[in-house]
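Several structures are given next for inspection.
Next come two complexes built around chain A: one with chain B, the other with chain C.
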Partner chain A sequence: MPNGTVIPIDRNQHPSFTGMPGSFDSSPDHRISISVDGNTVLQPENAKVLTPAELYPDLDDRDGPVIQALRLLTDCLEQITLAGQIDPGVDFTSYDERMMRASDSLRKLYALRDIGDGFGASINALMWAIRNKDTEALSGRQTSTMLEVIKQLRNKPMLHFDSAMTRLDQLEDSELNIEPPFVELLTDLDPGEPDEL
Partner chain B sequence: MNYRGCFIDTTILAEALLKARENRSRARTAIRQYKRSVLPVYAIKEWQYGALKNFIWLHNKLADTRSFSRTIRAIHKNFRKPYMQGTLLEALELGAEMLIGSDLSQADTPQKTQLAMADSARLHIRRRIDAAWRERRKLTTEVFEELPCFPDNAHSFNEETKYIDSQRQNCDLQKECCLADGFRARRGDLHKLLTAIKDETRLEDKKRRTALHLLLKRPKPKKPFDDANCRALGDAYFALQCPQDCAILTSNFKDLERLGGALRKEAHQYKVP
Partner chain C sequence: MKSLEELALEFCVFELRYNPSPMIWDAAGSIWTSAIAANPSLAFALAQPNQQVFETDSLQLTLDITTLRVIGRGENALAEVSRNASLLLKIISEKLKLQTFTRAGLRIIRSKVFESSPQALKAAAVSIDEESPAFGKDARKVGFAKNTRFETDESGLLASLRVEEREFSFTIPWESRPRIGAKLNRKEWVVVSDLDYYTVGKIDREVFDVETWLRQAVKKMEREWSAI
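Entry: the complex of A and B
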């Protein structure tokens, strides 16, 4: 079977597939199998998966928010991956340089939160997870979890809020504090009854 | 008496479900220290109509004002929070530090910073509300006394308005509250509770006395023991229904020590950090 290039796609949501004959299926690693008249073709295992930037090299910030988000998520993923390869105990400045760039991407991603509450909640959590670490470096487990969450978000940026909840749980399970520090100042509503609601 | 179990009141439930992560974890640890932990559905009802309702209001206020400082002002006005002005400045400083600093963060004007902070808080509060709802019956070894007239319905999120809608705020009463007949049969306990709070002048105690008197009236009055009476019982419910081998675990220790003590039940104090 020849090598090829595979674009990750959710067949159920892609308009090109609606009304076409045959059936489509995708494996967990996003390879697509296509069956028409009993003949099945499966995309090769070693096919290259394109990044959004490679897929849309000519697009810039005038592009739609989802395209911008995909590019920024890729940038963020790259920076945190590179940071994870540096021992902050040995070279903190290089590590922190990468994390600052990741934070910058997250701030820009936060500006795209109208994509949906699931997307917004995930970016909000990632942003505050890094901010709340302050000058402390992420542990190996925390780095892996963040990378996993960003990858999942890049695969499905328009995720439902309920799906985002699972990812936020993963971040908290790795001992990341994802809460905006000013929220607690708002939520102390217990003492006394509200006068008028 | 060495208590094997704890009977969770609404203050602990709210602490374990809605507070910041560290506080939630601390409250859950306190519950787990007992072999048996019992959560009455009455506490879920009080929590739903109290603390959860306030959180939903806060979420919707952030969606409505799209401004952090306007939401702070609304809290200040409605929840008697005199220290809120200082809080506002502190919060704005924190938010601005994080959300300003990038051309594309779109938080480059005070108004946009307000919106960015309001959204950040709203998204987090929405998550906390959803998580609290999901976990409300999973905190203890037992859930006690389902209330047939309390619907315990989930809220829903309106994608268009960004508001969380609560389905209803009242019980589905048939003739009267499902707890009423059971309590009427415990005249001795009702009298003891009335004696315990006879000198109290707070509004909640006055309402509690009215509800207790209504249960004691003979013949049974035409006016039904309704949802408002049920809610007015409040701490008296926990004193009445706490199992004998359990202590009432509460951060509202003073009230429950007095009411529980009247029925020879003990309250254990949970100190809120």
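Entry: the complex of A and C
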């Protein structure tokens, strides 16, 4: 069979790795056989793509940062959803309390930013988007954009930095300021005039 | 022998499959340079266009056009496999431009060695007194295997308990035979726990954290083993 030929192999007959002990050979270096028969096993195109919940169904917070992040993202999503259901003009205290809880989850998520560059950049943007609103409430469009970004992050926590940039653009398009205030000061600074600082 | 702790960790294998990636022909050197920078003890073992192998004394890393495989041996195998798989996943997803994986698998083999088959069978709680329907009273039971495989739409697990005979046979080079002899033979009986957990669906790179997934796999294995 020439290399590269795709033949359908029953997955059940195809363990994670073949040639396990039981019959050690006496080759000089005792290297384990690692051949996978030279064939390529392809899944059908309609095989489902696993969600985080399907990939990690049995884990809890003790099982690492990704699982903690998924729980905190769910908490954050819930708080912003609840805040979006409150009219801040009628009950600002309840609205603010929900947003403070969401901010608290985001702070904890920021501590998990080692999960990936894309994750860190997205959480950072969400944190500053809320903080820069100060005492002003999020508009309906801003709330739904934030919820969308959090949902996408929960579905793909290890997202690539370039994918995160698209999410950040979405936030900025809804007129959220996602950068800390001093960044503007730094970017406006003329390189020839350090005294301006 | 129901407890996995009674068995010594022999091999741990993490395998990640993806659709054929021709980028391997461009990126192999860059991938292994990054891997060696992170783990300087890696030594070159094999390099071909479609497959490269690097090793340490307790670790073997293989990358080919459709598969990444990390094999560890010894009591720290799982931790070492976890650390190196995580490192290589980051490198290859970037350099091979992989967005989707078709299958992830973790296989863990634990074993305990005995000097005779009755000892091994007894340790595995297998009756040695029952009579063979085919051979009658004269036949001795010398091996045993029990396998179960369960699958969902998301993942699957093959659990195997075996009592098997292993024979090592080494032929000694002609010039050394006066001192050592012509052959070295060793026979042993081993109780083996062989657990293979794998995904059935595809995996998006942006969801996949190897270390978390390995912890998940180990939990599933321990639960399945308790029922075998």
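Just so we're on the same page, the second predicted complex is superposed on the first by the 124 of 197 C-alpha atoms of A that agree within 3 Å, B and C clash if a C-alpha of one lies under 4 Å from a C-alpha of the other, contacts with A are read in each partner's own complex, and residues count from 1 in each chain.
What we mean here is this: a residue touches a chain if its C-beta (ideal position, glycine included) is under 8 Å from a C-beta of that chain, and two chains touch if they have at least 3 such contacts.
Because the structure is predicted, anything quoted here is derived from the model rather than measured.
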TODO: For A:159, select first, second, both or neither according to whether it touches chain B, chain C, the two together, or no partner.
DONE: second
TODO: May I ask you to decide whether A:110 touches chain B, chain C, both, or neither, giving the answer as first, second, both or neither?
DONE: first
Open item on the list: Touch test for A:180: chain B only (first), chain C only (second), both, or neither?
Closed with: first
- [ ] State whether A:121 touches chain B only (first), chain C only (second), both chains, or neither.
- [x] first
Open item on the list: With both complexes overlaid on chain A, does A:67 touch chain B (first), chain C (second), both or neither?
Closed with: second
Task: Touched partner set for A:100, first chain B, second chain C, both or neither - done: neither
TODO: Would you pull the chain A residues touching chain B in the complex into a rising list?
DONE: 61, 104, 107-108, 110-111, 113, 117, 120-121, 124-125, 127-128, 131, 161-162, 164-165, 168, 172, 177-190, 192, 194-197
Task: In the complex, chain A residues that touch chain C - done: 3-4, 11-12, 15-17, 20-24, 26, 31-32, 34, 36, 40-43, 47-52, 54-59, 63-67, 115, 118, 155-160, 163
Task: Residues of chain C touching chain A in the complex - done: 10-11, 13, 15, 17, 19-20, 45, 50, 53, 60, 62, 66-67, 69, 71, 100, 102-103, 105-107, 109, 149, 151, 153-155, 158, 162, 164, 166, 168-171, 192, 194, 196, 198-209, 211-213, 215-216, 219-220, 223
- [ ] Write out the stretch or stretches of chain B touching chain A in their complex.
- [x] 14, 18-21, 51, 53-55, 57-58, 68, 71-72, 75, 77-81, 87, 90-91, 94-95, 98-99, 101-102, 104-107, 116-117, 119-121, 123-128, 130-131, 157, 159, 162
